[in-house]
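The next part holds the structures, each set out as structure tokens.
You will see chain A twice below: alongside chain B first, and alongside chain C after that.
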Partner chain A sequence: MSLSKMPLVDANHAPDASSCTLDSQRTLYPYVTGTSVVAFKYKDGILMAADMGGSYGSTLRYKTVERVKPIGKHSLLGASGEISDFQEILRYLDELILYDNMWDDGNSLGPKEVHNYLTRVMYNRRNKFNPLWNSLVLGGVKNGQKYLGMVSMIGVNFEDNHVATGFGNHLARPILRDEWNENMSFEDGVKLLEKCMRVLLYRDRSAVNKLQIAKITEEGATIYPPYSLKTFWGLEAYKNPTAGAEGSW
Partner chain B sequence: MSKQQANWSPYDNNGGSCVAIAGRDYCVIAADTRMSTGYSILTRDYSKISKLADKAVLASSGFQADIKALQKHLAARHLIYQHQHNKQMSCPAMAQLLSNTLYYKRFFPYYAFNVLGGLDNEGKGCVFTYDAVGSYERVGYSAQGSGSTLIMPFLDNQLKTPSPLLLPAQDAVTPLSELEAVDLVKTVFVSATERDIYTGDKVEIVILNAEGLRREFMDLRKD
Partner chain C sequence: MSKATVDLPPKGGFSFDLCRRNGMLSKKGVHPPSYRKTGTTIVGIIFQDGVILGADTRATEGPIVCDKNCEKIHYMAPNIYCCGAGTAADTEAVTDMVSSQLQLHRYHSGRESRVVTALTLLKRHLFNYQGHVQAALVLGGVDVTGPHLHTIYPHGSTDTLPFATMGSGSLAAMSVFESKYREGITKDEGINLVSEAICAGIFNDLGSGSNVDICVITKGHKEYLRNHLLPNSDVYALKREYTFPKKTEVLLTKITPLREKVEITEGGDAMEE
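Our next item is the complex of A and B:
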């Protein structure tokens, strides 16, 4: 079949074997994406932050995307990458939690179980060559146990005391390695999160100055309303940027 | 919109080195605990070693998600084996099972580089070394993973194993004592960490002998 005669096919359902060879496509690149998520353990549980930008390539297309969501009673999920895939994952999790509640046995899925579920979903989709284009951060507290883990779009997963996706792994984690400790108070934790998010805001072009901070403790999840960080752009080096390029235009 | 990413790949290399040394009555299995992707470190404390049976310990490096799937599969198969035979699988049996499991996915392989260490039915140390699609061989010692090109020749030099071409076949186990073997493992990891960016942070050492299983950790460079 010539390329020009290729019919438009649903990415997930190749109609027959002949067009299923080389030219059929699945989600091989993302459309609307979110940037870094940063999270770490603190005295009472987990703190997590993500900005609210949704980028369409390099265009800042959406400015109020919620990328941190509570899952069940004990978990908090943050996502970077394809926003639509994240929203699909939220639908999977809603169903998972609903069916778990229907047992009505007083038992509920904890962060460890949800993280393991996400791990299997992500790996299963990569095995079908149809990935969910996200890096996911899952934090939570259950029975006094703090839990924080990550999953990538091909199923790579691990736990750590602090995690960050994308640019956050380059810019935020070195700060966390220097300044983080397990027994920090909520106030100190928020200060540290803001320090990380500010560095990301200055250096990550797709970060926006509108972010949400969320915490989860034994008492449950709290997602704080969006707010902005104070920034300072009045540095001498930033002023009159064309001074050294006189007469170019 | 133009494509931003390079073509998507279902594989990643998360790095790491695995070493195993067999002695007359012991086996040492070791791996570092760093997990990387590209030039980034994902975590400094991820165990690549999995205890498959009482006398079979697997160390694997490569693609973490595949390794985890492989370990889960082997654990499930071992549970079935225990229900059917009411005993633990021997290390040579586990070695054959691992080979078959890897070859079963010959055309969409597990990207995993394995060293299986343990004790055979005579209580002698045994090491099995693999490629990603299941070729395997029983040896006296082996290294796999990102630092294997640095570690293997060093082990060849230090252990001077009898050639496998000799007839009649010579015993492949190393002449070292258990403590000497553990020291050698520490040395090779310190050396590999100097030159291989994917090896570092910490080395986890598992020692199997007649008394049972013992675990040791030693810090490595974190840069």
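Our next item is the complex of A and C:
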């Protein structure tokens, strides 16, 4: 057995297959996942919403997962995908912000800088075939400039007026493309967010009816307490739908 | 002298003769052409007086648009229409077949066709072929029992719904319906809602595009609005105030007559006859 093929285990233990142990050193599949995040710019800053569900495959295992977190003074980070990788990213960002604060030079990292840092981290991990299995949404306001960007697990990054991850791309973005405008007030923004989250609740199987809305403005970040959306099931056609067509449903 | 073996006529059914050669070609990297699909947005809603069906008009062959203005709303009966998504040949063939079966049934029974009849004929056929006939349909119509709207999946399952979307653009269209649909809307509101849903599919899904077709079916009356909306026409036409002349411009005309040179032979031989 050549040296290069030597598995990274204790010499006393006989490895079963070298590839098997090497594979456990990198992410192959996500396990506990969060579903979509929807965010857009409004008059005073950025509005972001995510539900609080963490699915373990097809079971809804965790129902109080906070998937939107404030970063430093100027940004909000929302993530979908593997929750453990999200927690790891939060630790990296914590360290980043800590070092920035230690400089104590009156400047603080804005959303553009944090977005760039995240892009580099995600892309580098992808190059090593060991990705952080997340789609990240980074929004913030600094010196009056609003910024909203997204980074995928392979390092694709872009900036836009409204973004969504996962299923939100298919269900929420069409609504946002039609109904978003530059100068929405906070109330209008929340109504539009609720509209998107309601459609996601109806049509995404991993959605949970418990969502958190977060906003970030020049003054700072506010994450509102979780609440549920009202759903409407009272269509006449849903009562006895197969009255005319026996055998269908 | 009779031949030792007689060539029997083929008994019908699928001939597997070319399968081995196809497998060999695939292994060498020569793949068969992809099916012409209608990567699509098709929708239907039930409104106050009946049913409105809508569809986009793009047919794709892999990444290429092979027909930019095809018809996806197929005729089944005077009071029943069916939108089709999936493999174009399958949707055409299956709707044509059931349409003629319905016509024969109308002659036999002397009555207007019912939507459940079309539904049952379609789902039995599709289930029989275990999903290999890749047709996903939105069937709508108005008969004596009232307005009906159904979706039929390639494996043969059906749904009875007040609003339905199918095809690759179904999520974009469904997001419009889930946020804006109400029961008992009027015909104009319904046409607007269906157009909005199809436009959401056209602009947000790559498999759908071009124009919007609408079909309104009410009791005893139907309106087929082919190309009701053309949201993609002439968007990038250059608008300029000057025009170029169509033919090559004539700058100068100068005529130089050539000197005539003619030889006249006097008293030559007459032409022989």
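Here is the rule we go by: the second predicted complex is superposed on the first by the 210 of 249 C-alpha atoms of A that agree within 3 Å, B and C clash if a C-alpha of one lies under 4 Å from a C-alpha of the other, contacts with A are read in each partner's own complex, and residues count from 1 in each chain.
The definition used in the following text is that contacts are C-beta pairs under 8 Å (C-beta built on N, C-alpha and C of every residue); 3 or more make two chains touch, one makes a residue touch a chain.
Quick caveat, the model's predicted, so the values are computed rather than measured.
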Q) In the superposed arrangement, which partner chain does A:K195 touch: chain B (first), chain C (second), both, or neither? A) second
Q: Classify the contacts of A:P225 with the two partner chains as first (chain B alone), second (chain C alone), both, or neither.
A: neither
Q: Answer with first, second, both or neither: which of chain B and chain C does A:G106 touch in the superposed model?
A: neither
Q: Tell me which partner A:I175 touches in the superposition: chain B (first), chain C (second), both or neither.
A: second
Q: Check the residue A:E236 against both partner chains and state whether it touches chain B (first), chain C (second), both, or neither.
A: second
Q: Look at A:G144 in the shared chain and tell me whether it touches chain B only, chain C only, both, or neither; answer first, second, both or neither.
A: neither
Q: Considering only touches as defined above, state whether A:R203 meets chain B (first), chain C (second), both or neither.
A: second
Q. Touching chain B and also chain C: which chain A residues?
A. 170
Q.
Touching residues of chain B toward chain A in the complex: what are they?
A. 1-5, 7-12, 14, 35, 37, 40, 42-43, 45-46, 63-65, 68-69, 108
**Q.** Residues of chain C that touch chain A when the two form their complex
**A.** 46, 115-116, 119-120, 123, 145-146, 148, 150, 157-162, 171-172, 174-176, 178-179, 183, 196, 200, 203-204
Q) What does chain A use to touch chain B in their complex? A) 28-31, 56-57, 119, 123, 126-127, 129, 131, 150, 152, 154-160, 169-170
(Q) Can you tell me which positions in chain A touch chain C when the two form their complex? (A) 167, 170-175, 177-178, 195-196, 198-199, 202-203, 235-238, 241-242, 244-249
